[in-house]
Amino acid sequence: MLITPAVKKILGYYESDNPGVKTNLARLLMHGKLAGTGNLVILPVDQGFEHGPGRSYAANPSAYDPHYHFQMAVDGGLSAYAAPLGWLEAGADTFAGAVPTILKMNSSNSLLSKAVAPNQAVTASIDDALRLGCSAIGFTIYPGSDDSLSMFEDIRELAHEAKSCGLAVIIWSYARGSMTKEGETALDVIAYGAHMAALLGAHVIKVKLPTAHLEMPEAKHQYLTHHVKIDTLVDRVRHVKDCCFNGRRMVVFSGGETKDIQDVLADAKAIRAGGGNGSIIGRNCFQRPHAEAMNLLEELTKIYA
Amino acid sequence: MLITPAVKKILGYYESDNPGVKTNLARLLMHGKLAGTGNLVILPVDQGFEHGPGRSYAANPSAYDPHYHFQMAVDGGLSAYAAPLGWLEAGADTFAGAVPTILKMNSSNSLLSKAVAPNQAVTASIDDALRLGCSAIGFTIYPGSDDSLSMFEDIRELAHEAKSCGLAVIIWSYARGSMTKEGETALDVIAYGAHMAALLGAHVIKVKLPTAHLEMPEAKHQYLTHHVKIDTLVDRVRHVKDCCFNGRRMVVFSGGETKDIQDVLADAKAIRAGGGNGSIIGRNCFQRPHAEAMNLLEELTKIYA
Amino acid sequence: MLITPAVKKILGYYESDNPGVKTNLARLLMHGKLAGTGNLVILPVDQGFEHGPGRSYAANPSAYDPHYHFQMAVDGGLSAYAAPLGWLEAGADTFAGAVPTILKMNSSNSLLSKAVAPNQAVTASIDDALRLGCSAIGFTIYPGSDDSLSMFEDIRELAHEAKSCGLAVIIWSYARGSMTKEGETALDVIAYGAHMAALLGAHVIKVKLPTAHLEMPEAKHQYLTHHVKIDTLVDRVRHVKDCCFNGRRMVVFSGGETKDIQDVLADAKAIRAGGGNGSIIGRNCFQRPHAEAMNLLEELTKIYA
Amino acid sequence: MLITPAVKKILGYYESDNPGVKTNLARLLMHGKLAGTGNLVILPVDQGFEHGPGRSYAANPSAYDPHYHFQMAVDGGLSAYAAPLGWLEAGADTFAGAVPTILKMNSSNSLLSKAVAPNQAVTASIDDALRLGCSAIGFTIYPGSDDSLSMFEDIRELAHEAKSCGLAVIIWSYARGSMTKEGETALDVIAYGAHMAALLGAHVIKVKLPTAHLEMPEAKHQYLTHHVKIDTLVDRVRHVKDCCFNGRRMVVFSGGETKDIQDVLADAKAIRAGGGNGSIIGRNCFQRPHAEAMNLLEELTKIYA
Amino acid sequence: MLITPAVKKILGYYESDNPGVKTNLARLLMHGKLAGTGNLVILPVDQGFEHGPGRSYAANPSAYDPHYHFQMAVDGGLSAYAAPLGWLEAGADTFAGAVPTILKMNSSNSLLSKAVAPNQAVTASIDDALRLGCSAIGFTIYPGSDDSLSMFEDIRELAHEAKSCGLAVIIWSYARGSMTKEGETALDVIAYGAHMAALLGAHVIKVKLPTAHLEMPEAKHQYLTHHVKIDTLVDRVRHVKDCCFNGRRMVVFSGGETKDIQDVLADAKAIRAGGGNGSIIGRNCFQRPHAEAMNLLEELTKIYA
């Protein structure tokens, strides 16, 4: 399949990157059912690290097997599959070339005491990404957390090395710590976290879907004064895209906890309508029975196609 | 245009620097409408990192696009354009050679909790500055803050590497933490912060315009005993220049929050009269409608020409 | 398209390689019209370095433009495009992701005096391959030449570095120097050169089509004593494949000088019948008028499909 | 002065290069009297190394002073000044920012015995280029010489390091050794040398003006068979540009020994008419009396303006 | 003693060097009897390496002791003392601070077979120069020898490292190999060798006194055509100074073999009259009885004072 004008346009936004980075971005954008559309559906499986295996996989014991997820990404025609080091190592040979992979470079876990959390450990290297054949690295930042500045410094170094090797950089940006729980998904906070990820040099930014809540008083004042449209999810997705360099950076949205299929699909429709570049869908996928998950992916990719 | 005597004289002040650093200082001093005057007007756009995108750009949504600012720096005939990594990457190819650029090496943000702030993360490297074609690096220090000593150590390393590669070093010096809010812009504090920036090896120093307030008792005693002139803004700008090695280092002043155009221009006249080397103007520029901003830049550069 | 059993089987032969290498081999094997067949048609354009630009491109002046060849590889649905550093740099951004690329790491030229030739200079680095988004490196050895041992040592280092970064290694093996002109394409010599390339760690080996001539007396004695079948081109291709680890390594054959289209296609049929993995076709492609070349590629890929 | 469309178009040809390299190419293309035209006139002063100081400068003793040449490049409004390490060091501070400089990285000399010549020593490093504020490095290759392959390997390493630091790469390509004296400037040989420089990754290529002689039999056959136009100097310049990636790489031509002013200007007119990007003029400049040289530069830049 | 205007002027010529290099040049120029004059008399003792100890020191057995030479340099009020590694190590502690020292970085010897000579081994490192408290490094090149290009590459690396550490660089330039024996001291050859040393980045250049012979036909033609004055030694010294960047680099002349005291002094008068910066005097010093040598140094320094 030839590179489409939609993909060509997106690649052009990454004007300072070398052809290696653009080649890997093209691999994400030209693979699976969404190839050529400019949209992405990515399967991330780092819940085992984040929440523990039993909590993550007991609902669907097939998911204890790393191959299960690779196979789902392949069979679902997804754009890419993201996972931590060991989980990728357990299937990278069997599935070499079958689906673009993203090495998740840092990981949090639920055993951390409150004194330390929220934070993550860097658990992989760029060398690992190259030897495993990955197209991109993934990295989580927690804007607002007490460790956020050192997380920014970690991704600075990793992103620099990744880009020089032609790897794309995807940043998961989740606000934590300094705001209320409701504030973590407030529109101004989500947009701010996405913007910082872009400023840190991300090619693709992953955030949660924002609510209409506005957390920071100075920001709220500006949003209200200048009548920023925030009422519908479509409005809010569009605002997040605006905040990612006026749409020059790709943004994908995560679904969060397992929920009703129709809700997942409704979210996707809003993401698409607002100009978002797709979904990162994990728990909503592997915590369901296999057939149900495949149906969901089928419906989801149709929305973005 | 030939290097002017005014620029030649300034370059001569940087006597221990290699020709590469002087070449890049000359690039700043010989570009745009102020070329050859010895004065600078610099457009810095790091408000998105500092305050978030909505709060910064909702007033003028064109400003969500990184190209908007590059274009304004070019069209306004400004001396240079300063921004964080991702923001520069998004336009550095399109605007290669069109305006000298300054890579902002560290960045603060408004999501940081009070327990951590004020502090900044180092978010770029000297390699980035070279591959993006920058003429200088920019770095913020917060004298008085609990993290100020480690910020000094960060800039020591970055400045050493930058200078060996021929890059100029610009330090943003903002006192924070140990003084009253009024003290942050007190003349003795501003002058002290500027002097420390010069001592840390800055080629160009950026500070806020000082008030006539004197914060530190011992300093106040000396100022009063020896009749240091501090009444007018012109006096105070001159004092800051004196404190920057008797004028051997360039000092530019920031305008702070958006305000009346006449106030911005009045400040500039005082800066020039006091021997300051120009203005760094960000929010006062991009938070206005485009035509108004261009008019402001037109008037501003006339003052310094 | 899912990885086919044919491709899966081939990938399995590279059992000591990391998933990165297999991913890049899969990229070559899963791209273009031959995707999934286990066969490859590669367009190499290093004739400008080898023979000079006028001699190479005067017959078809469109070919002076590096984009012409990228476009032909894309439009022809070929498996990959191979070229030296500068030639790849001139199109790698425009064609990022459009076709797998192979960076030719060393280059010979026709201006070299007899005292020095045959030899090649290493003209690219593994870093270049990564930043340009290549899937493999290409390297020429001249078994039999006075410089052959140092060429072997060069490829040892480059192949080691390439594999650790997940890049595939393709060795062009052309006997030169110690044998008669006729001996350069003798079956025993070609098979020997191919075997050494495999022993040096090549994933894919490129040789010329062998004649029925046998050059080395001791080898000839064994071939005749044991009735090795060498009469038909199919026999000889099969023998070369046998000599490449009993078929565990891919072998592609070059066409050499421009010749009749029917001859090119007849060669390809024999290559396929003998178990060869495809053709490397350069001059026979770009030294013809565009339409004729496209027809040839159409016919050629049909044979291997 | 704003980047012109002509310069923008040329910068676009260097599609795989980082913004730093493009910035430095823009500096060469936007400086002096030819700023914005897409053409270059470069003053190279390495004759002292090549032929010795007395032989080079006795005709015009002012030229013993390194400042003389810097000043001429500035006063003549030239695009850039190229010289070896010590010669640049002797003026780089005085003339910082006054004219883009090119550090000549290797140097030959006339004391070398025939057993060693033609060859060059690498006499500077990329660090030197950065600390001296250079915009580009210059490197000479001697295609056809017995040391040509190691020269290719030297420039590979230097060019890779230069590009990663944002420096442009200019290759002087002079065929030597394996051909007749007449052959050194034969069209096929010059075009071949220029093409190899481009393949080695040069951004700008410098060659001598070619004669209508054709040296290599196989090339001659192709030129004649396909009716390549070679009769006029304009034809030949155009052919050399064609051989530099169909015009995607800049080519400047050297004047060689001191000759009549009208001849120098006639050459320049042909270079321009054939699409060449300008002249490198050394001896024809500094071996004349100052006023005469300035007049020549005046006329020369008018032709390219 | 204050830095004199004469020394200040000379330091100004080294405009691209850092203050460390200038500090060490000032140490040479502000020490001993010639302090402040801009002239230097340097005692080099590397004859033991060059010619063997018996041949060098049997005439004055006190000279077997390294301390003898340090003491002579101190007592004679010389500008500096130059020696190879082990010879300096044997006295550097006792004489720490007593006289500026120069670490001779490479050394030849008389046991070398003709097949290898002339060449030198690098026998010390920049680390050695720093730990021994040296002010400068010394390095010999043999322009015209078959190994000259690799000597140039060695000094490039050493000079770069030395300058970055603030050490001055002195190059001994002796033509060898490609010319007649008479040619080794021909004016055009000496001037060429001195010029190349300057181009390689030497701060001080040491050559032999030139004769009126002209060796190279093309150079001779230029010297005669343009009436270069070469008849007297004064003329010739002046020409060599001209060839060292119009006098911007210091040049000292060696005396060569032991000869009559009056001849040594007559040479010195001519060197001074021609604008040379002094003498390097070894054998003429230590191969004489102590008192005689001290008298010679007394007379010699008077001439340059």
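First chain written, first letter: the chains are A, B, C, D and E, and each begins at residue 1.
Operating definition for what follows: contacts are C-beta pairs under 8 Å (C-beta built on N, C-alpha and C of every residue); 3 or more make two chains touch, one makes a residue touch a chain.
All values derive from a computational prediction rather than experimental measurement.
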Between chain B and chain D, how many steps is the shortest route if every step has to go to a touching chain? 1
A-D or A-C, whichever has more C-beta pairs in contact: A-C
On C-alpha atoms alone, could you tell me the rotation angle mapping chain C onto chain D? Nearest 5 degrees is fine. 70
Taking each chain's centre as the mean of its C-alpha atoms, which one lies nearest the mean of all protein C-alpha atoms here? D
Taking each chain's C-alpha mean as its centre, the one farthest from chain A: E
Separation of chain D from chain E, taking each centre as the mean of its C-alpha atoms, in whole Å: 35
Note: chain C sits from chain B at a C-alpha centroid distance in Å of 56
How many angstrom lie between the CA centroids of chain A and chain E, rounded to a whole number? 67
Could you give the separation in Å between the centres of chain A and chain C, each centre being the mean of its C-alpha atoms? 39
Contacts with two or more other chains occur in chain C at residues 92-93, 127, 131-132
Treating touching as the only link between chains, describe the layout with one word: line, ring, star, complete or other. other
A full list of chain pairs that touch reads A-B, A-C, A-D, B-D, B-E, C-D, D-E
Using the touch rule from the top, collect the residues of chain D that touch chain C in their complex. 13, 15-17, 143-146, 148-150, 152-153, 156-157, 160, 175, 177-179, 187-189, 191-193, 195-196, 198-202, 216, 218-219, 222-223, 225-226, 228, 239, 242-243, 245-246, 248-249
Parts of chain B lying in touch with chain D, wherever the complex brings them together: 2-3, 7, 11, 18-27, 29-30, 74, 92-93, 96-98, 127, 130-134, 164-166
Quick check on the complex: what are the chain D residues that touch chain E? 48-49, 51-55, 57-59, 61, 64-66, 68, 84-94, 107, 109-113, 115-116, 119-125, 127-128, 131-132
Where on chain B does chain E make contact in their complex? 15-16, 18-19, 164
